[in-house]
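Common to both upcoming complexes is chain A, partnered first by chain B, then by chain C.
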Partner chain A sequence: MSELTLHEVEKRFGNTEVLRDLSLTVGSGEFASFVGPSGCGKSTLLRIIAGLERATTGEIRIDGRDVGRLEPVDRGVAMVFQNYALYPHMTVRQNIAFPLHTIGLPRQEVEQKVAEAARTLRLTDRLSHKPAALSGGQRQRVAIGRAIVRDPKVFLFDEPLSNLDAALRGEMRIELAELHARLGTTMVYVTHDQVEAMTMSDRIAVLNAGRIEQVGTPTELYHHPSTRFVADFIGRPAMNMLTGQATATDNNGITVSIENQEIRVPVDPGASPPKPGSAVTLGVRPENVAPAETGLRAEVQMVEYLGGVSVIHARTPSGQRLAASLPGAVNVARHAVVGFGFDPTDTHLFTPQGMAFRRRAVAAAALPTFLPTADGDAS
Partner chain B sequence: MNRRVSGPGALLALYGFLVAYAALSLMPFAWMLITSFKEQAALFQLPPSFRPSLLFTDTPMANYSVIWNERNFVTFFRNSAFVSFMAAIGQVFTCALAGYAFARLPLPGKNIIFAIILATAFVPTEVTIIPEFLLMRGFGWLDTFLPLIVPSFLVGAFGTFMLREYFASLPHDYAEAARMDGAREFRIFWRIYLPLAQPALISVFVIAFINNWDELLRPLLYLTSPDLYTVPLGLLSFVSQYEAAWGQLMAGSVISTLPLIIIYVLTQRYVLAGFSGGGVKG
Partner chain C sequence: MTPAWRRYAPALIFLLPALVGLAVFRLVPILWSFVLSFYDWQIFDQPSFTGLDNYIHILTSPVSGQVLRNTAVFALIYVPGSIALSLVLASVLNNTLRSSTFFRSALFLPYITSTVAVTLAWKWIFSTRFGLLNNALAALGIDAAPAWLADPTYALPAVAIVSIWKDVGFYMILLLAGLQTIDPTYYEAARIDGARVVRRFFRITVPLLSRSLFFVLIIAMVRSTQTFEITYALTEGGPNRSSTTLAYFIYENAFIHFQMGYAAALAYILCFLLGLLTLVNFYFRRRWVHE
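Entry: the complex of A and B
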């Protein structure tokens, strides 16, 4: 159980600033993710925590101890690489045992630990195979095995699922979450896939160009994105962004005009409310958009049928894109002009600089609650 | 080398050329083989005959049995095998260390040092052999195997070059994974990159072995006791001492070629892979 603290970490390669003023504490036993687009510095950050790279300035602390100058192994961190980096000439057993032999553990203990890890990761019948003879998912598990045998204080994962196919990715997400629940170790997970971050993390930090854009629980990020970048990045299909003007402001919200429709958005106007006539962006998630008699009129461009849901892609008369995600199949023709509506309490409002106005009462989402069965057996 | 030869005519011409070339290169070997089965009298026959005349007598292996039984050939063979093996081991070991350092370690000025090592490949042996001899004499190493073995433990330009290229072609990730696993530099080299470089190590070994097996100048210079003679030196002695026993010389040459052929056949898969570099699978 260990706490990881990043304090004002910065990283420059020559003149390129890759990480800027990065501070965050990952609590003991927490599963924290860093998400962000390709090239935003995720791997660099992880490598700095691991000790494979030095931060230009700033501190890395594990359990309060500054580890910034220690070798990786002395930090008590283990890392699972994106391409696994399994030693190709060694068997699964030798791969998993390698870190244990390195620290000079007695042979018998090594065997015991390898057997235990293999059991946990369902690799027992693969122990004498070479990595080349394994499936992608098995290689992934060997890489995890090599990390867990050392009982590290902090686990680091660098996009560990990105080499797997979609079905396996889904499976491994669940396995990783279970592993975390079982080991209770602090985990730092890096990915460009917001679904992975949303499904597994206790907390997510959204990275944009080397800077933390926002930190929060998955629900916080989903309901209260603090910037347009986060709003756009979290949730799929991506949030609709409609441009318009502010027309009026009062204490309870801001009234905006979008496609000649007046909408009163219940947000906190804050210290510098938008002047009437100034540009704003209204955000609304596709899952909050529904067909409506009145409302925004838009021409249907395409319907994506995904089985459980259908996503209608439409375009307003002024050319703005609008997507609506509806349960089941929908019966609508291409090029039909139909009305779309949404509840103003479901919307988000952003300044032209991409900062969000703090939302007021968010419609208390009707969370389905599972009740334990009478005999207390929830399975 | 992806150019295709098109058309049956072109293909025929290509194969015709290759066959002719192969025949031409094999000629000396064929001649050596035939001569080893001739009696002394048949050697200088004119016009020369391709007939291995001994095969038609009741002592077809006469030349072979003479060198094997009456001459010291077994000793020569053993000496050559020992010297060549040790020298090849020396090359592999030191070139692997040097190649790894040049390819993977953050060494200031390493490219300049590497260029200097490479440059030594262009200095002809004739230039260095006399100072080398004086050095060996100074060490008191004359008439021992040491002058034939020890220099191979001092890195060679070719092996270093080849292994440097090979190590550089291996992914860097293994080193980082191993560092995370607590391995220091030597362990990373020894347990991970050295095994992965096996094809290149084998090719360096084979090439060094063959070079040393064929070496005549240095044994001639350093060895005086016939007990220490290597195969090429021993073969030479057939000419000087016994007024050119060509048949025996050729029989000895045939035997001395065999190990090289066997080694090459056994390792050609690796040698080719070593030369083509990389080819690393995940």
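Entry: the complex of A and C
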């Protein structure tokens, strides 16, 4: 297990700045994800860590050793590519054995390691097949097999699930999480899919336009996004963003007027509280919005029935979008004007520049806790 | 008019000009030369049927034997030489995209330049006393430089060198097109897997380029037996027939000695040998060509 440190990493292609002043330490055995929209620089960052690109400035350290100028193989990293990059002319066995032959491992040891990896990844009966004869999930596992046989210090994953269908993606998420639990190796995962990042990661770094917007655990990012960008990016359906004005500030929070409704948001006003009348954005997640007698009036535009939940998409009289995610099916007609309510402690408040006011309520405390059953725990 | 005829008639009418051209200029000469190969025909006399005499003479004559040996030696220099050089050039150009357009054009230029004109330039380069090559060798301290075109040992390699120089640009373009279809992530994966340049070349590039290499191999083999203009302009098959290959020998028999039947028989032997080699290549194809 190894620690990965990025220190003030910057990358420019000509005049185009791709990464800016990026610093982060990924702890030993940690599963860290870089998440962000297309073009935010996350894949470039992974390639810099792998040694396929060189940082313009900054340091990359693995276990305290500066590896910034080393060849990929000398860094002790293994990478799983978005398209898997399996050598098409080699069988599964040859693909997995390739890095071992390259380092000149004795044939018997190679065979042993390949068999072990194949067993772990349920590929034993596919060893003599070529990649073209495998399913997407099997190819994915071969790519992982090629990475794990080298016993790397750090695993790098570049959007490895993006070529799979939704069902297989869900399965592979679980397999990857299990693999991480079993190997305990430091893993760095890049994705544009916040669901992947949220479900597998110990910590997530949200990237935006080449810089880290926020780093935190999935629950921190979900409950305490530091910027509007993070709030918008994390969580699906996306957070409702309602614009309004600040009307008053006191020790209990900031009172805002949204659609002619006064709402006191329990946030820390900080050193520069908003002046009365200044613009603010109130954020509330659709899962925290519920039907209410009083509250915001909005016209239902559409209902998405997803099985376990239904998402109502509505529009306020001033044209602002409002979504509510409710359990099960809902009985509401299209174009009906209904009331929506939410608990002010579930809301977020952002400045016009997109910075969040620190929330006072800690929603994570409400997380359900499972207790071991009477006959003992699972282990 | 039957329904079938009505259906195919328009297609046949449109195809007719091409079919007539193909028959007159391809099929008839091919068949006629095959018939001719069983005749003794001095171009100004009446042809006389001689059965397999031409073929038997070719297979038993020491001159034909020497020509066949020369052709084999030429192919052994030309085919691996041109493929290896074009592969190296294509790989280098594939990795240096910025300057590759200029060099791609520069290296392709000999292929489209007049063969006789460039061969005359090479004749000067190979000149024993005033040639660029021997003067360069002298500058490097090699005073006993060979008489390239006058020495029977070096004349055939000299023809092969010029042939390689002329054709390498064409093969390079074919291989470059093949290289550009290889997904660069294979190389990145191989770098992460610890493969250095040479291993990447032999374990990734060559197998993934095998289809293009196979195509180039077949083309190079065919061309190695067809070299005529360079031999004609550089050595005229000499000295002492040391650089006479099959194509030049066919020309010599057909248009210098006017032995049309004999030349036709030579052409069919060449055709048979090429067919045989191509079949052998296709047989071994599945062993090294990645589909």
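Assorted remarks:
Here, the second predicted complex is superposed on the first by the 373 of 379 C-alpha atoms of A that agree within 3 Å, B and C clash if a C-alpha of one lies under 4 Å from a C-alpha of the other, contacts with A are read in each partner's own complex, and residues count from 1 in each chain.
FYI, a residue touches a chain if its C-beta (ideal position, glycine included) is under 8 Å from a C-beta of that chain, and two chains touch if they have at least 3 such contacts.
Given the structure is predicted, the values throughout are model-derived calculations rather than measurements.
Under the clash rule set out above, the superposition-derived model of chain A with chain B and chain C contains a clash between the two partners.
Residue contacts after overlaying the shared chain place A:131 against chain B, while chain C stays out of touching range. In the superposition on chain A, no contact is made by A:189 with either chain B or chain C.
Contacts of A:233 after superposition on the shared chain: neither chain B nor chain C is touched. Within chain A, the residues touched by chain B in the first complex and by chain C in the second are 50, 52, 71-73, 77-79, 81, 83, 85, 87-89, 98-99, 102-103, 146, 150.
Residues of chain B that touch chain A in their complex: 171, 173-174, 176-183, 187, 191-192, 195-196, 198, 280-282.
Here chain C touches chain A in the complex through residues 183, 185-186, 188-195, 199, 203-204, 207-208, 210, 290, going by the rule given at the top. Across the interface of their complex, chain C is touched by residues 50-52, 71-73, 77-79, 81, 83, 85, 87-89, 98-99, 102-103, 146, 150 of chain A.
Residues 50, 52, 71-73, 77-79, 81, 83-89, 98-99, 102-103, 131-132, 146, 150 of chain A are the ones touching chain B in the complex.
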